[in-house]
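Two complexes follow with subunit A in common, the first pairing it with subunit B and the second with subunit C.
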Partner chain A sequence: MSTVAMITARGLFGRRRALMLLPLPLLLIGLAAICRAYDLEPTQWGAAVIVGLGFAVVLPVVALIVGTGVLGSEVDDGTLVHILTKPLPRRDIILAKFLVAVVATAVTTTIPLFVAGLLAGSARLGAALAVAALVGSLAYTALFLLLSLLTRRPVLLGLVYILIWEGLLGRWVSGTRVLSIEQYVIAIADKIEPTTLLDAKLGVATAAVMSAIFVVVCTVVAINRLGSFSLAGETS
Partner chain B sequence: MTIETQPTAPVAPAGATTPGVVALQNVSRWYGNVVAVNDITMSLGAGVTGLLGPNGAGKTTILHMMAGFLAPSKGAVTIDGRPTWRNPGVYRDLGLVTEREAVHAFLTAEQFVLACAKMQKLKDPAGATRRALELVEMTDAAHRRIGTFSKGMRQRTRVAAALVHEPRVLLLDEPFNGMDPRQRMHMMRLLHSLGDNGHTILFSSHILEEVEQVAGLVQVIVAGRLAASGDYRKIRRLMTNRPHVFAVRSSDDRRLAVALIAEKSVAGIEIENTGLTVRASDYGDFTRALPRIALDQGIRLHQLVPSDESLESVFSYLLEA
Partner chain C sequence: MSETGVIHDIGYQRYTGPRLGRGAAINALYVQGLRAAFGLGRSAKAKIFPWLVAAITLLVAVIIAAVKSQIPDFDFGYVDFDDTLSWLIIFFVAILSPALVSRDIRSGTLPLYFSRPLRAADYVIAKFLAMVTAVWLLLGVPQFIMFLGAAFTTKKGMSGVWNEVQDLVPGWTYSLLWALLFTSIGLLVASLTGKQAFAAGGIVAVFLMTTPVVGVLSVLPSSAANHMAGLASPMTLISGVGAWALGSDIGLDLGRYGPIYGIEAFCLIAACLLLLLARYRKVAAL
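After this line comes the complex of A and B, so read on.
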């Protein structure tokens, strides 16, 4: 593990914000378990828990906390300078941080979604949801990592994307769906294990290609932005 | 005029034959309409150089440009001829200690310096870490978390991290801020010995006395411009020789003015309703002469206030010189 990744991981899990990662996945598993325990039909609760909570809230919010945390917190407190004053290609720094963010997001989201899928249908459905969540983790963290280099308020901007773009416009304005990671995730899960619980509005090819574009473009732009990272001038 | 005030003339330490390692060529930096750094040319060689100037003069902006953390709006900033902006390779030869004392508080001093050594891809990171911590006398506290350190210890840890790869150039932004006298002495000794060993050290400060104790060479920055550069003693002499302005009030201002104008150390007097404004060419002579004259003349002095003793006025005097 590279030194940058080690510092990033320790910084991420050493902070209190890491605790913020736990409640949402636990809520997801808890709700699915309760519905299952009361023998409710998956058609009654599956879409609400898996899509409404899992894909629309748990996945993007966890990715937001982690994606803006791996770089944004070091930008905020100034510790990033210690990493930047090293003869490391900026690509390596971004990739190390991206990797840590993806692993943290994927572990936190794929497990509860797998469990929810298992309880709502089958292990195959659980696996489909986990794979889709993994793709979502890649795309979301790439986006939020970039946001932490583009703006001083990455969390706010990330929430606008999740709530306004995906949550509001994505439901009602069909044209926005092609830029909605949530829709890619649903399309990919639905393709792997077609189910009535998921209502895919995009083709799987579009979803896969757009996910890859999100990851590549955001990462390349982030590498470039980090190369031009500036410190503020006079402090006094 | 005994000092260089032409910003186009590079300064190298006495006896140095090699051109400067760090060079600024006609560098300006502006933010919108505000010019932070204005057409500065300087060159730094081995030894300790002080970057002196009042707060807000542009020292940090200059250091950040040298360290590759700010693009010059105009001109070129180079280390060994290589531009520092968007060029991470320069960090093999460069160490930076910023004014902001942020460190990864969850690491111990040793882990932090070791991480820096590894990121520098040194052959023997553990050995380099040990040497760097010894250099700043932090060996005893090496296994404590940085979060538990005092300001001075944190500063020394950051210096160790900046020195772990033995860079030729070390830039420090206000390194003595918040240090107690003992830590300050230690840091000064350290910078001295690094300079003597052929490192190029540049540190910024807004305190004349700090610079006096560490640096033989100074670059004086006022309002974004290079006001003076060269040997500290010459600049100091110029500062001492500048006219000093005093506001004087007495029981008989007019008679005091007549007596004072005969004094050699007095360059000019203005009589105003509120008292006298005296311009003295020699601070020491005038302040000794004044009570003597007042006593001889039987005049009672009510007030004697030096009116331009702020650092800013010293710097702006240099700018005018």
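After this line comes the complex of A and C, so read on.
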């Protein structure tokens, strides 16, 4: 299991690939620092930077790239066969890859969000944002890992979820918010440190339970799916 | 033992037919790119996403045309249509550019292309034009449907139709601007990686992460920064050019910096194309 995790981590960060994850967090910290340097009121920029950039873009996009990358790239390259033929339970393969993806996503997102929260308010706000981002990393990564097993185009399907489900529908159609991870993250952060910057539209109990359901259901389905995984030939 | 020095004629022949040259190669690549953009000639799975986006835009256009014919005061122009659907355009670009460019890198067809009389510039131009056409069709056809709806229900006769034409042409120009800018950025990002997944994620990240920058710049305590805030993001950049050149009304105050928006849009497209050319000067066989 540790070998699978190591191979996955190397596939994710090897050569210069880790650098691809850097610009988004750096932009988040940079914007927060600029606003802070100009002594702007956090009410003016907090929502745009923390929610508009942090929770709506950085968290889902990083989770999408990492979550679909850990398994999807092995499916694409065909190297998954080598892991599947080893005498390892499929459960361990999924769990190892999920763990690596969560750690990578969490490290890339919690640190900049903590810094942004620190600059926008207090260390408590930063910690609240970081905890919420951690929950978000778990849920998003589980979902995108599952997507990479269900379809040959996980990234496009993930983009549909981020752009259309959460971005377009989540803003106007209130019913879709129950299935929107972004709203869970906002609700959890708002509960830990109530602030005017965040506008929670869901109860924290709903958010916590639904995040847990996302993680468990997606992981179980992914394990089940990998159990009967067949490698299709190259499709166009 | 047979006689030595016999060379057998196994039937190789020279090609004596017409040789079509660069023009035909560019044309073939353009047509193939345009067809691939909408999944024509590819599997059913490849058609799902482009046609999903196309169906949504067409549906929106039909709804708008219907509402407009019932409520004449409903103010929703051809330019507003592009701005409203900007997220869908991002998604469409994120589908198309990896399909056009990254696939060639991944499947190793690039060295084959360049063993023809095709040059790097030809390849870039063919792909660029194909994608500009595809994105423009995505926006222009629904706009034309809106035009038809308005033209057939107008109550002022031919002058009403002529008024609509005068609205439609700037709308089409505006769509062309969207297509040019988004295509150049999308192709540049996609040409850097052979993995379609990374390319699509990267394109969306580039477009989405610039939007909050505009929000921050527009609250900075400097009027110049506020007026030029729109320069930071491709979407607001195009809106700014539209406001300056076409006089459309957007929620952004340009001040006297309108021409800068035009200059930046032009420079951005030119720079992306030059970088694309530089990218294809050398093609490694992966």
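Observations on the model:
Here is the rule we go by: the second predicted complex is superposed on the first by the 228 of 236 C-alpha atoms of A that agree within 3 Å, B and C clash if a C-alpha of one lies under 4 Å from a C-alpha of the other, contacts with A are read in each partner's own complex, and residues count from 1 in each chain.
Throughout what follows, contacts are C-beta pairs under 8 Å (C-beta built on N, C-alpha and C of every residue); 3 or more make two chains touch, one makes a residue touch a chain.
Bear in mind that the values here come from a model prediction, so they are computed numbers and not experimental data.
Taken together through their common subunit A, the two structures put subunit B and subunit C side by side without a clash. When the shared chain is aligned, subunit C comes close enough to touch A:V57, but subunit B does not. Of the two partner chains placed by the overlay, only subunit B lies in contact with A:S228; subunit C stays clear of it.
Vertex at the C-alpha centre of subunit A, arms toward the centres of subunit B and subunit C: the angle is 80 degrees, rounded to a multiple of 10.
Looking at the shared chain after the overlay, A:M20 reaches subunit C, while subunit B stays out of its contact range. Contacts of A:Y161 after superposition: neither subunit B nor subunit C is touched. A simple residue count on subunit A separates subunit B from subunit C, and the partner touching more is C.
In the superposition on chain A, A:C35 contacts subunit C only, with no contact to subunit B.
Once chain A of one complex is fitted onto chain A of the other, the partner contacts of A:G78 are limited to subunit B, with no touch recorded for subunit C. Applying the stated contact rule after C-alpha superposition, one finds that A:L88 touches subunit B and leaves subunit C untouched. Once the two complexes are laid over each other on the shared chain, residue contacts for A:Y140 go to neither subunit B nor subunit C. Once you line the two complexes up on chain A, you'll see the smallest CA to CA distance from subunit B to subunit C is 11 Å. On subunit A, the surface touched by subunit B in one complex and the surface touched by subunit C in the other have residues 235-236 in common.
By the touch rule above, subunit C contacts subunit A in their complex via residues 42-43, 45-46, 49, 87, 90-91, 94-95, 195-198, 200-202, 204-205, 208-209, 211-213, 215-216, 219-221.
Residues 20, 23-24, 27, 31, 34-35, 38, 40, 44-45, 48-49, 52-53, 56-58, 61, 64-65, 68-69, 72-73, 76, 152-156, 159-160, 162-164, 167-168, 235-236 of subunit A are the ones touching subunit C in the complex.
Every residue of subunit A that touches subunit B in the complex is listed here, in rising order: 3-4, 6-7, 10-11, 14, 77-79, 81-90, 227-231, 233-236. Residue ranges of subunit B in contact with subunit A, taken from their complex: 29, 31, 36, 55-56, 58-61, 64, 67, 69-71, 86, 88-92, 94-96, 98-100, 102-104, 106-107, 112, 115-116, 118-121, 161-162.
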